[in-house]
Each structure stands twice: as C-alpha cells, then as structure tokens.
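One structure is given below, encoded as structure tokens.
When the chains are written out, they are named A, B and C in that same order, and each has its own residue count from 1.
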Amino acid sequence: MKIEIQGINKSFGAVQANADVSVTVASGTIHGLLGENGAGKTTLMRILSGYLQADSGEIRVDGGRLELHSPADAIGQGIGMLHQDPLDVPALSVLDNFALGLHRGFWQRRGRIQRTFFNLCRRFGVQLQPEDRVGNLTVGERQQLELVRLLALGVRVVILDEPTTGISEPQKRLLFETLHRLAEEGLTVIFVSHKLEDVEMLCSVATVLRAGQVVGELRAPFDRERLVEMMFGRAVVAPPFASRCTTREALDIQSLVVESSRMRMAPASLKACAGEVIGLAGLEGSGQRLFMEACAGIRKAQSGHLVIDGVDLTNGRYRDYLDQGVAYVPASRLEEGLVRGLSVREHFVLARQRAGFLVDWEAAEQVASARIAEYSVVGTTGSRVEELSGGNQQRALLSLLPDSLKLLILDHPTRGLDLGSGIWVWQQLHERCLQGTVILFASTDLDELVDNSDRLLVFSGGKVSQPVASAEMSREELGFMIGGVNL
Amino acid sequence: MDSAIIIETVRSVVASSTPLVFAGIGELLTERSGITNLSLDGSILLAAMAGFAMAYVSGSLLLGFALAMLVGALIALVVAASSIYLYQDQVAVGLVLTLLMADVSSFVGLRYVRLPGPSVPSLSIPGLSALPWVGTALFSQNLLVYLSYLLVLGVWIWLYRTQPGLRLRSIGERPEAAFARGIPVNRMRMVYTGIGGALVGLAGASYSLCVKLGWSHNHTAGMGWIALAIVIFGGWHPFRVALGAYLFGALKSLGSLMQPVYPSVPTQVFQAAPFALMIVALLLVAGDAAAIERRLPARLAPLVRAVFQHGTPAGLGRRFEQG
Amino acid sequence: MNTRSAWTRLALGVAPFALTLATTAAILMAMGENPLEAYANLIGGGFESWAKVADVAISMVPLMLASAGMLITFAAGLWNIGVEGQMVAGALLTTWVVQAIEAPSAVMLPLTILAGLAGGALWGVLIGLLRTYGRVNEIFAGLGLNYVGFALTNYLIFGPWKPPGGATMSGTEPFPRSAWMPLIGSTRASWLALLLAVVAILIVYVILRDTRWGLTLKAIGLNATAAYRMGVDTRRHVIFALMACGALAGLGGSLQTTAIYHRLIPQITGGNGYLAQLVVLLSGLRAQWVPLVVLYFSAVQVGSPRLELRMLLDSSLGGVLQGAVVLFFLLVNGFRQRVGLRDR
C-alpha cells in the first residue's frame, strides 16, 4: 500500500510535535523515519496508526483518504504498529496474546489458533512456546510475537518504533531478515529509529525529522554526514572521553549474588578506583538492575561483599548507603525518582533538609533556585515535577543529588533525552569523577557505553563478565558478549 | 460424629455460603475488568432489603431477586462511572457508597423489619441427590445453590475458554493493549461492573429470601467485606473464590458447633472470629509465592503455587484514558 | 461553561447539598412523608435550645479528633478504615484506667487523656504492622480489627467489667465524677474536650503544611517508591502515620467515655470513625474545612433522633444526609473536572 501523509499538524499544549509534516511511503519498501528523541517521529506514527488524531492534515492510502478514530480502525485498514515497549499483556500466555483481538467468534478455538500461530512462526523463523507467559519473555521475543500477531491480522503496513533498542544482535538480524522478506512480499515497512547504522543497513529511503518538521529525504546508499547534519542541524560532537580514573581503590565488590523472584544472578566481582566510570552493558532484564539495586542498598544481596571507601556496607540499611555517599538515579524518573504532585522546591526539602521539625521554606527556596539555575532546569522552584519535560526532569534529579558522592549509580542516564541534553548530562557526570566519585551506569546503547566509560561489565541472562576495558572492545565483540557468547 | 451429621453440616455450609459465592464471583468479574467496587457491604444490605421488600409486597420471589440485582448493578455502575467518566477515586466512591447504602437500607427498610416473608423453596435434583455422600450434601438444596454451581463453572468457562473472556482478562491486566486490539475498554468495564454488581445484589437477596430470612437493621453487615477479602484470597480465580467462600462458611459453622462444646469461651470470640480469620487469610496469601517456593522442597512447589500465587489484575483500580 | 467565575463556583459548591436535599425529599415523598417536616425536625433537634447547641458542640469533639487523625493518614495515601477500632481502643484503655485507679480529677483526667492517646496509637501501630510487614491492605486490616474491637468491648461489658447489678446493653457502671471532663455550666458540653479537639485540628494543620514530617507523608502518599529512594523510611512513617491518627482517634474514643457517656457502652464510637472518612473527603482533605463539615455532621447527628420520636422514621435519615452530600460532592467535583478539561 502506498501511503501519503500530507500536511500533518499536531500540538500538545504549547509544544508542536508535528508541523506541516508530509511524507510519501511507496508500496513494498522499507522506509526509514530518522530523527533524534523528541523530533516528532513517534507522534507522527501514532497518528498514522490511529492512536492520536491530527489537528490538521490528511493521510491517503493508495489514493483514498484515511479516516482513523482508533488503533482498531487502523488495523482494519491494514496498518499496524509495533511499539517500542511492546503493547501486549504480560500476564497472559503467548497464545492468549496472539488470540486476543484475532477474531470475533465466541469460543477460543485454541487448536485452530495454535495452528495459525505455528505456521506464521515457521514462516519467519520465530521460535516461541505458546504456553509461555509473555511477561517472562525478552523484549525481542515480545516484538516477534507482536509482529506475528499483526501479520495474522493481515496488516499491509507495519510500523516499527525503535525496534532495535532492547534486543540482542542475533534477534536484530532475525528481525531485519524478516522485514526484508515482508517487503519482498509487497508489505510496506516504516522503520522509526534514531540509529543511523540501523537505517543504513535496512532502509531504501529515509525521511529525516527534526523538531517536528521534515528536514529532507535521502535514498540508499546514504551519505552519512548528510544524514547527521539533517538530524541535528549542526555537527554535534561530544567531547572525547578522558578518564579521570585515579589509583585509589574506592569500590570493592566481591562475589556479590543477588536474586529476585525471577532471576538469581551469578556472582559478580568488581574493584573500581575513585573517579572511574564503569558501564553495565546488556539487554534489559539481564541482571544489571538487580546488580545496581544491590550496590545502591535498595536490594539485599544473598551473599558477597560490598566495600565503599574501606567501609563494609554489605546488606546495611539503605539509609547507611545514603550516608556513605551512595546515590541511585533510576531510569523511570517519574515512577521511582520524583514525586508527581510535589514541586521542585518540595523535592529539595525532602532530599536535602535532614534536620529540624519545621520546614525551612526560605532555605529550600534558596537552594532550589540556585541549583535549578546551575543545572539549567527550565521551570520554576514552584513547578510540579510532572510539568517538566523529560530532559528537565533528569536535570532536576541530578540537581537533587548531594554535592559529594562516593558512588553514583545511574540507570539509563540519557534515556529519552535529545543529543544535546545527553552530552550535557555526561559532562556533569564526568565532572563528578574529578571529585573521586565512582560512576556505575547501565545502558542498552553500545555507543553510550563505549564512549563514556573506563571499563565495562557485560550482563547476559544473569551472568556477569569480568570487567573489560572499553577502549579495547569493538561494538561487534560487545554485541556478541551481550548475546551470551564468550562471556 | 455420625456421618448423617457431617452430611447435614456440609449441606448447611454449602447453602449458607451461597450468597458469598455470588458476591465473590460478582466482584471477581468487576475486578477482572479493572474496577474495584468497594461498596459491597452497603450494596448487599440495600439489595437484601429491597429484594425482601419487593418479594413481601408483590408476593413474587422473582420480582424480589430482580429488584435486588437491579439495585446492586446501579450502585456498581455509580462506582464505575464516577471513575471512568468523572475521574474520581474508586476506593473513595466505594467507601462512601458502603456507608450511604447501609443507612439508606435502614431508613427505607424500617417498615419491613422482622416481618415474615417468602423464602426460596428446596428442590432436590432427581438422580444426583441419590448419590452417596455428596448427593444429599450438594444436590438436596435450593435453586440458588444450583445456580451458584452453574455460575462458578460458567464464569470459569467464560474466562478461560471464550474470546469475550479473554478480552475481559486483558482489559483488567493491560487496558492499553486491549484498546490497541480494538476492545472498547471503558464500555466493557461498565458492562462487567454492572454484571458484577447485579450478582452482588443477588447475594443480598439470597440472604433475605433464603439464607437469613427477613430483614432487620444491618441484616448482613460485614458480609460484603468478607466477600471482598475472599476475592483476594481466591486470587481472582472462580474456583478458588468459591472454595474460599465455602471454607469461610465451614469455619464459621465450626465456630457455632464449638460454642456449646466450650461454654467457657466468650461468645464474642465467635462473633469476631470471621473478621480475625479474614486478616489471617490475607496475611497468608500476601506471602511472596516465589520466595516461599524457593525455600521449600521442590515437591511442595505446586501446593505453594496453588495457595500463594495471586493474579492481582495489573490494571486494577487504574483509570484508562482512551484515545 | 466557565468554571472560574464566582457564580459558577458558588453553584457548584452548593450543588451537592441541593442534590442531597432533592434526593432525600424524593425518597421521603415516595414513602408518603412530608420532607419539609422531616428537615424542620432535624434542624430543630439540633438547634432549638442552648442545651441542644451544647449537645451538638460536644458531639463534634470525637468526630473532629477522628477526622484530624484521618487527615494525617490520608496525606500518606492510606485508607484508614480502622479509625473505629482505634477509637474503641482509646475508650477501652481509658475505662481500664478509670476502673483501676482512684484519684482526684487533676490526676485522673490527664491519665484518661494519655490512656486514650496510647490505646488508639497502639491499635494504629497494629494496623501499620499488618500493612507494612504483613502486606495486608490497611482497609481490610483496619476493618477486621474494628470488629475485633467491638467484640472485645462487648466481652468486657458483659464479662469482667459488668456492673454489680448485672450486665446490660447500657454498658459499665458510670464513671466516678473525678473522671468526668469539666462541663460548661449546666450543659452537657465540656470545655476541655472542645479545647482538645481544636488544638488537635490546629496541630494537624501545621503538621501537614509546614513540617518535614508532613511533607514526608505527602511524598509517601503520592509516590512511595520515589520517597524511599530519597531516603525516607517509608515503612516507619506509614506506621507513624497510623500511630498518630490512632492517638487522636483514641483520644476521641476516650472522650466519648469521659465527656459524653461517662461510662463505656457497647457502640462507644457512635460510628464516628466511619463518619470521619466522610468528613475528610467532604473537606477535600484540607484541615481548615474540617470544623465546618464536622458541624454539619454533628448537627444532623444530634437532630436525627427526633425523626424517630415525632415522625416514626428511622434516624438513619441523618446518615443518608451525611453520606449523600459526600457522594454528590465527589460526583460534582468530577463533573467540574470533566467540564474544565473540555474547556482547555
């Protein structure tokens, strides 16, 4: 199906997410939609797949005007979207998820559904067990399930939103192979990404969005420099990584074993020096989070030792960790880091006023206004945190941290931030290293890992590698280790 | 004890637990769709009163049950609508309705206090009631009891064997995903809350027209809370919810059997026991199933899972804004 | 609709009451009664004489204390249905003190106050432990314990604490005069009890507005995970919140015995624990509105028995008038939000 998007406008409050966007996608192609975070790609695709209604503009499919009021409408028109966070029901089985919305009959007819499911799986080389609980699958497997499901519904246009973020190298190859085959069969694939190499590898055409507008369209083979320029408008270059690592040992982790209700991790050991940055590589759910939570004192370790600056904190109270200068910055800022409904000022009282019965509002106001100026948070001390943008929430979180820290742990420190904000965050973090802070951070972005850390720990299915120097690692090697090879 | 006494005890436990089965299954349907209807205690009271009054005035049991179910459904719909369309907290609205409906039942029901009224007749099922042991205990009952058997089985089939049931499970677990698959989440939530409420109303009328005949102030007070706890205890699974209701009924009648045996134990102990039991039951299922499972021998794993695993619908109590 | 204009706001503020009066009038007329007569009786029952006004004033005390406590647990995001039990516990411990000790008023009264605070606080802690360490939802823990509390009261009244003349539903023997809260003139209202209630609501107001603890509780109520990450010991503060609420509610229960009934009776709370829930919801979780709402509730409470005497109606009409206002308040609020959203 040929899709013509014409003059789409969409605003959220004062923010214009799409401004007069027009894109034409030819039938049977893999069309890339490229742009950095916040460029408006997802908004446009949510309009195309019926989740959002455009303020103005129209969409034509094979010449006919498309009227969508819901995602179900879009599916009925043959347009299906695969979301970055798979939109499935984790509590249900693979087959239940597959069957949900598949037909309008009364009985489930599991036998027949299972046959359809197996047929599709075989056709695309997907291996999924129908009775597995979807919540126990990896993000890659959940994507495969969603793709198979959309195909069973007979979609002719598949939209994939950042599909390579949480999946392993082999899963990525399988996905790309599948997409190529779909295009050959005449399906239209729209591939949304901020990763140049993925678009280069897969797409025949790429449209670049920036700040809600179409900047241009290129055809394969792509001119990489031109793409970068179109994406960012200027050549954005992060300052090269300079290690602030000292020789003083500041962190000593010995055979730390952590477990959750779903996973028991193999023992992990790590010695780090003051000022060192350690990246935790791995697919989401490979154990990095358990490890970080144990290091932060949020989760008890089953065995092993954790010594920070000569103080044994193993299984101490969380409060002791905080007092020792350990801090944890979570990835989901509004869920775990900030309190929706409280103002920035109130956050400073909570995080920093430790003494006194009454709140010293004046002191809080002073600290808060000084800090948000220093961290260039766009907002006032009275703003509620949920009113801030994602980047400003991250800035606010960082501004709340104590001035001196021994160990700073961050889960995806630049998730959802645009490139400029990401670079800014890393400048702040590397400055902290100068004061001797050890930084542990998890990321699924290989570039971020390699470009910002001294050494890496690679996690795969609960196993942990020895620390490896990131300068000596190639992206490919790292990709394989994440997949569990040579760990 | 004599086997006849045991059979008779089982028979009365099953009969007296039947309203709890209705209320528990009703709330299960509501909560599976993602709405918490906390108004059960008040709903059951008002439905019991309304059902009795209607049956008393009209002389028709059927009209009594119909009115009770209507009352239950309407109250439940207030909870659902105020959450879905008016952004109000389900717990707040539910609690206010609990208190309000109890007072409404007392106020409106004053004229029907302690009047002799109609009751649901017994009806043995030919054939089945002749079965040894279980025949008398399970099949020499009244129509409501048989209806409750069918309801439990029917809801199980609905949930796990039909397409609409699958949709129901999905809207309570992840409404966003259900909506993406073309399911009108909020309309379905209204429908299931209404059905659930009607069953709660049925429970109320089952008290006043069958299990605890007649009407008086606070006639069924407390039973709604027990039913809510049973849904949690039963892990939102129809068989386990029914089992929870029967277990509760059994322990309660055990109490009344014990009372004459141990006259030195104050009667108040037996009055408070159901509610203490409720807390203990919730303490039991609150345990972390996975953690307990790992600490016990592997062959106990299925048992642990059966007792502790609870499938709280992930979307329970959470509003869903569609589109 | 412009939701900001003063007239609209006034209309929306009055709407819950208007709707309540309209629905109850409809019910009354359906029952063949005259609603105006019923309302007149209600108001007359509450305000026809100074003695009645004093009755209203004193019956405000336990409700105000329970509501003050509940503001604290509401801030922490807890549904504290267990306030009834907390009031019972305060009343029981007070009765025990009064029965165990013989002392002049100057000693006895402070002791009864302390007993009320302590009893309720302990009961609150019990709910807190069930909630934090037992992972039992506080609604069920509190509610279950309410029933336990009432059974315990009955047991004591019909058992160890029964009057020499034999146990009846009218409760224990009257307390000695030394355990009566000092009265205003010849009325039934006690100035000390009123003072305690006012002080309690002021303290809670300050706690929630200006103390670190108040802010901590708010953070827990809004996002317990994030609060914990910021270094708040959430479990401890949840238990503290229930303890503080329990203390205030327990004092309310204690005053039911020392300032109102002057003995322990089976239904010692008078349902004030449940009513407090309604009061706090109707005051929009704001301390400054609580006294006014409590005044309405208490006036209805004191006025409604007249319905039984004069019209042979059930006094639970009072409860209907209380509950319906809150229900309509929530619904009107929702309506306002809905319209407001559409405007934007």
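As a convention for this text, contacts are C-beta pairs under 8 Å (C-beta built on N, C-alpha and C of every residue); 3 or more make two chains touch, one makes a residue touch a chain.
Since we're looking at a predicted model, the values are computed, not measured.
**Student:** Hey, how would you classify the chain contact layout here, line, ring, star, complete or other?
**Tutor:** Graph shape here is complete: every pair of chains touches.
**Student:** Could you say which chain's mean Cα position falls nearest to the mean Cα position of the entire protein shown?
**Tutor:** Given all protein C-alpha atoms shown, the central chain works out to be B.
**Student:** Of the pairs A-C and B-C, which shows more C-beta pairs in contact?
**Tutor:** B-C
**Student:** Determine the centre-to-centre distance between subunit A and subunit B, using the mean Cα coordinates as centres, and give it in whole Å.
**Tutor:** Using C-alpha averages as centres, the distance is 43 Å.
**Student:** Return the distance between the CA-based centres of subunit A and subunit C, expressed in whole Å.
**Tutor:** Computed from C-alpha means, the inter-chain centre distance equals 48 Å.
**Student:** Roughly how far is subunit B from subunit C, going centre to centre by Cα mean, in whole Å?
**Tutor:** 29
**Student:** Give me the residue numbers in subunit C that touch at least two other chains, ranges are fine.
**Tutor:** Residues: none.
**Student:** Any idea which subunit A residues touch subunit C in the complex?
**Tutor:** 298, 318-319, 322, 328, 330, 335-342, 346-347, 349-351, 353, 356-359, 361, 400
**Student:** Using the touch definition up top, name the residues of subunit B that touch subunit A in the complex.
**Tutor:** 161-164, 166-167, 169-170, 173-174, 176-183, 288-291, 311, 313-314, 322-323
**Student:** So in the complex, which bits of subunit B are touching subunit C?
**Tutor:** Residue list for subunit B touching subunit C: 38, 78, 82, 85-88, 91-93, 95-97, 99-100, 102-104, 106-108, 110, 222, 225, 228-229, 232, 266, 268-269, 271-272, 274-276, 278-279, 282-283, 286-287.
**Student:** List the residues on subunit C that touch subunit B in their complex, please.
**Tutor:** That would be residues 27, 31, 79, 81, 130, 134-137, 139-141, 143-148, 150-152, 154-155, 158-159, 274-275, 277-278, 281, 313-314, 316-320, 322-324, 326-327, 330-331, 333-335, 337-338 of subunit C.
**Student:** Any idea which subunit A residues touch subunit B in the complex?
**Tutor:** 51-53, 69-72, 75-76, 87-92, 96, 99-101, 103-108, 261-262
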